[in-house]
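Each of the next two complexes has subunit A plus one other chain: subunit B in the first, subunit C in the second.
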Partner chain A sequence: MIEIVPRKSTGWHTQVAAYLVALVLGFATSALLIKAGGASVAEGFGALYEGAFGSWEAVLQSLVAATPLIFTGLATVIAFRAEIWSIGQEGQMFAGAMCGYWVSLYLGGAPLLLAVPIIIFAAMIGGAFLGGFCGWLKTQFQVNEIISTVMLNYVIIYLLSYLLAGGPWTEEGSTSYHQTPVLADNFHLPLLVDGVKLHLGFILALVAAAICWVILKKTPLGFEIRALGFNPTALRFKGVNVTRTVLVVMGLSGALSAMAGVSEIFGVNYRLRGDVMVGLGFTGIIVGMIGGLNPIGAVIAALLFGALANGSLYMSVLSDIPPSLVPAMQGILLLFFLSASVLVRYSIRIKRFTHV
Partner chain B sequence: MFELLSPEILMSIMIAAVGVATVILLAAMGELITERSGIWNMGVEGTMLSGCLIAYLVMVGTGSPVMAALVAMIAGLVSGLLIGFMTITLRVDHFVTGLGFNLLASGLTLFWFRSYVGGGKPPSYSTIDKSAIPGLADIPVLGPILFDQHLLTYIAFLSVPFIAFFLRRTTLGLETRAAGENPQFLEAKGLSVSNRQYSALLVGSALTALGGAFLMLAFADQFRPDISGGRGWLAIVAVIAGNWKPVRTMIAVMVFAVFDSVAVHAQGVGVDVPYQFFLMLPYVASILLLVMIRSRLGQPAKLGVPYLRH
Partner chain C sequence: MTSPIIEARKLYKSFGKVQANRDISFSVNGGELLCLFGENGAGKSTISACLTGLYPPDSGEILFKGKPLRMKSPAEAIRQGIGLVHQHFVLVPDFTVLENIVIGSEKSLVVQYEEAEKKLRHICANYGIEIDPNTLVRDLSVGEKQWAELLKALYFDADVLILDEPTATLDIENSKKLFRMIDKLKADGIALILISHFLDEVMQADRVAVLRHGAVVGIKRTAETTPEELTRMMVGRDLEPKLRDNSEVGEPRLVLENVTVEGSDQLLALNDVSMTIHHGEILGIAGVAGNGQNPLMEVISGIRTLASGRIILDGINIGGMNARKVKDMGLGHIPDDRFVAGLVPEMSIEENLILGDHRGLYADGALIDFGKMRLSAERAIKEFQISAPSSETPTGNLSGGNAQRVILAREIMLATKVLLANQPTRGLDVGVIEYIHKRLLEKRAQGVAVLIASSELEDLMNLCDRIGVLFQGRLMGIVDAQDTSLEEIGLLMAGQPLEVAA
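Right, the complex of A and B next:
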């Protein structure tokens, strides 16, 4: 019988070693998957690497793919730090994109310097509202936030499906594509480099990460967030309005998720469509957790997963391995990281089985 | 809108609702046992999805629905074992484990399905037949609704009183509940908490995967990614709304099943309200149900609290 006993303390080198082992095991298991699928592992990983880092352009493209993941990863960090298990990042991202698109319909010929901030603001309000709604359900009606966020994800996705498949936002003459018409140039997030779609969103994502880090480490709100996860009762006795903190956390998390939608729609695709965003919210949960619920960790994890996502397109062209290898790899890596994060806190003893 | 209220359509909605309920009910009963043992398993959706894919692959391979259901249940056991290893042995947070497992299952099933299909068209099969109960099926109105269903539907509904009896009246059921209410007590009696929790989780996960298999075999002729479509989550909601009691949980399941069935019929009949709004119904209903039913008295005292042996 395996038994796990808490360990007194762990140095940082033990933690780093554990995470490296988790990373290696995750990639090894993924290699087994490729093998089981009947493809060559070296070829697969080779193509994956080539697609992600093979050229300057590929590297920049990986950063583009990482951008929405930084936002949804940060959304996860903020909520999970408070032990609020929101998995509404997906729906909030859709809601953000939808609100951004909605206000853009009224902005007409507004100059870029005016239009883009308004779009970003509207999107963040939309995401914050959806997140805050789940926070309200939690504090007011004790509705578990996992349940409410999951269910609202489905509701939002069907709402978008209605709007784009025959509904008011559908592009004329192309109902089967489920998309809006192309956005005017003054709504596009400005590009940072010529020729590659590395856009303003990437800078905003890094700024958001820095802000999240400051909030968590240096502000009273950050203290409340960490304390909410650690001991909500003590927080209440300290005179903190816990209801307000939950609403703020969920609102902030929703606003960050919404930015992922803005960056995909206004930075990359220039038209609102659902399929280009699918999964970015859920991947953000993995990014946040693998990043150790730390804003800087989340950025690193997002860069890794952005590179994987970008590389997988190249890989699927060069080999028979489907790009869906990447979501599978992400799930595998997550479970190894979760196990590693626990194992560094405990030591394992093999014991004789005594109980019935 | 009113097309849905004609007697024929209403009848058809109810018949389909009882069938659809089977999927959620099997998962909900599995989750009920699991939660009563103190494990707050949030990996129901992923377990169900795994059951769907395995049932699909085996059905295409062998053509035997029985084989498909059995192997799907084995996949459920594997899922349960993994979730149990994380929550019971490693004591990772139950919510985090469940969320992680769902993401893993979603990614793995997608990859496996895409690798299996390659570039081609996914193979399909014909869905399984219903088995009417002779005599009873001829009763007007109730007959077709209750007694002209699939074999597994009867089993799922019969499992409700069976599980209620198991939890209330048997030693093993009592011990399972003790693991969720007062694990120290169980330990003091010299009984292993983790054994009870592993057993509950494994049985629960097998039932959930069986629900997934039924979804595949009775309602779909081929797999598609995330085909379980939130039904695993609805099972969790049903357990909470049912206040962790078998019969009430079944009633909550029926609410979702009726909405699910209405949504399918609204698409078929061609109602002037966009069908997407009907598809939202079960999810909206689940939130409303939790807002309205606020009693959590039946919640096991140590639900979701990792047990540390002394």
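Right, the complex of A and C next:
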């Protein structure tokens, strides 16, 4: 018989060690996969490293790739902490990008200092509305949030397809590309350094992480979010408006996801396209989980995943390893990290069981 | 004199830093009933675990029929003839009684069902257990499940039978039946160990071993002791006499007028209930649980929707007001299910103490005032004698009594006008019960209107000024605790209206 027993307490260094071991094992397993594919492990990992951290520019590029993941990771942290299993980060991210683009159509030649805040605000409202809608369905009609968020992902993505494939937002003369015209300069998120597209979004992501940390740790709302995740009945008995808390959580989560859309469209691509950003919302769920549903942890996990994504581009150019191996590596890392997080909290014992 | 069948000599057992058993020695003869009596956490269940091979003791030895016994597993204990009747059922619901007993115990590859059934029917007939071995456990009533547990132990020809709080799930009738069975078992020469904290059961044993903090404080013959002496030994001091004075109650404080609450189906959860609780009065609600006690408490505190009627607190209609506003008017509510409605088990004592006031009293601008939270938690832990390693201990790690003290601390500080207490002493031991009663009476003395729902009739008789009875959501009547009798309340509880009962 296998018994799972909670550990009394583990120091932080044990935890760090456990996660490092998980990281090493994750890469080792990925190496097996590369080997099985017939490619050279050394070459592959070399290229991956080179692409992610090989130069100052590569490092900054990795931060760029990490930026949207920080946002979607935080969106996951906020929702999952309240035990609301929102899978809507992907759709909310697109909704944010779409709302941002939509208001930009009316902003004409507005100065950057005015245009960017309005775009961000509109995107966050859009994401919050979408998330809040699922929260409303949950509290009002007991609609499971997993179902509603997943289904709305499709609604949003198909709506975008319509708008871009010959719909009102399609760039004239480029129906086959499914994209909007390029955004004017005054809508671009300001760059932080020359030569690399590291933009304001990265700073905003770090600020958002800090805010999420303060909310969860220090505020009455965070107190309610944690308590809601554990035991909503006790909250209700103490007169807390649980419905409102669910709506706030879903709205906040949606607004954070929307920021991922803003940072990708207005910081990197400068036009809205159907094929960019795909999967960043879902990866955010993995980022949040690996980060232990902690805002700081999510930032670290997003940086790791950003580096992986960025390095993989280089790897696919320099070696025979297909870039599609990177999602597989992300999945492998997730499994090892989750195992580590369980093993930090519980010990597994095998008990001999004798029959009469 | 017969030699003891089972004997414990200087047993020690610790879990980590907690010394669960210290220097435990006792013996039980054939045909004798020994009771292990002690508060929750005094080490009773650890002794039974050591005797049945679940944990080996750290030191000391167990003599079984005069020989030292070393067991590696519960299965070995059963084989030796030491049976345990569990407090919680360990039966597979989708198996029959027979299968539950036989499966896992077969000695050959093929299960000898006919033989086993014959033996089982024989045991049933012998001890007057009316249970068909071929019924599914799922279809048994709670009482019958307890018999099935007992059958499981008897089937293996136990010489020693340990009963771990066997009456916790039984009603009075079945408890009596159990003790008749125990008499029969004694006559058959079986050594019995009963674990209990109910005094009237304890007094039916031959001898009582009283436990406190993991050690045996003394072993008494029941013929030579009194319940009072045993309680004193268990708690380690004299229980204080009841504090209730006969001071007059004041003006009406909480008034319910024709309160009706919708139920889940056609039945009303509360049907036209009217009552008045005065300043400095304790009103008790007797009645079998599930007759409207929870809806009553919850509609007053604003958690349930009021369908019709009025609830007036100090002249203000609070019917339909939300729970937070009602709470802020000075209403405390101790819910019946501690770890579901009362506490967030994963969160710490200090966090649970500010639950509900985390946006008010304990908020400092946009943030929670952690200094204030810590300070008031430390005060509450001292004042309410909550025993825990620190204020950061998760409440889920606390014993039932300590968990209830946390809720008590939070709600009593809140209850400046009304205190609702739903089954406040359920499942707790004498020491905590006494403490909770003392606190409730203090509130009464401060002029608070107190409403208690409890299934412990005698407690209500001691505490309350008046007692009302709920039956299927209707208030059957309210009687004066001074002039009523258990019989009168019993009739009301069975659904007889007051006119007929009186």
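Note that in this section the second predicted complex is superposed on the first by the 348 of 356 C-alpha atoms of A that agree within 3 Å, B and C clash if a C-alpha of one lies under 4 Å from a C-alpha of the other, contacts with A are read in each partner's own complex, and residues count from 1 in each chain.
One rule holds in what follows: contacts are C-beta pairs under 8 Å (C-beta built on N, C-alpha and C of every residue); 3 or more make two chains touch, one makes a residue touch a chain.
Because the structure is a prediction, the values reported are computed rather than measured.
A count of residues in subunit A touched by subunit B and by subunit C gives the higher number to B. In the overlay built on the shared chain, the residue A:L113 is in contact with neither subunit B nor subunit C. By the document's definition of touching, of the two partners only subunit C reaches A:T219; subunit B does not. In the overlay built on the shared chain, the residue A:R236 is in contact with subunit C alone; subunit B does not reach it. Legend: residue contacts after superposition of the two complexes on their common chain; A:P322 is shown touching subunit B, with no touch to subunit C.
Counting contacts by the rule stated earlier, residues 355-356 of subunit A appear in both its interface with subunit B and its interface with subunit C. Interface residues of subunit A, counted against subunit B in their complex, comprise 2-4, 33, 36-38, 85, 87, 137, 141-144, 146-148, 150-152, 154-155, 158-159, 161-162, 165-167, 282, 285-286, 289, 320-322, 324-332, 334-335, 338-339, 342-343, 346, 355-356. Taken in their complex, subunit A has these residues touching subunit C: 8, 214, 218-220, 223-224, 226-227, 230-231, 233-241, 353-356. By the touch criterion stated above, subunit C contacts subunit A in their complex at residues 16, 72-73, 75-76, 78-79, 104-105, 107, 156, 301-303, 322-327, 333, 335, 340-347, 351, 354-356, 358-359, 363, 366-368, 370.
Interface of subunit B with subunit A (complex): residues 42, 82, 86, 89-92, 95-97, 99-101, 103-108, 110-115, 118, 190-192, 195, 229-230, 233, 236-237, 240, 274, 276-277, 279-280, 283-284, 286-287, 290-291, 294, 296, 309.
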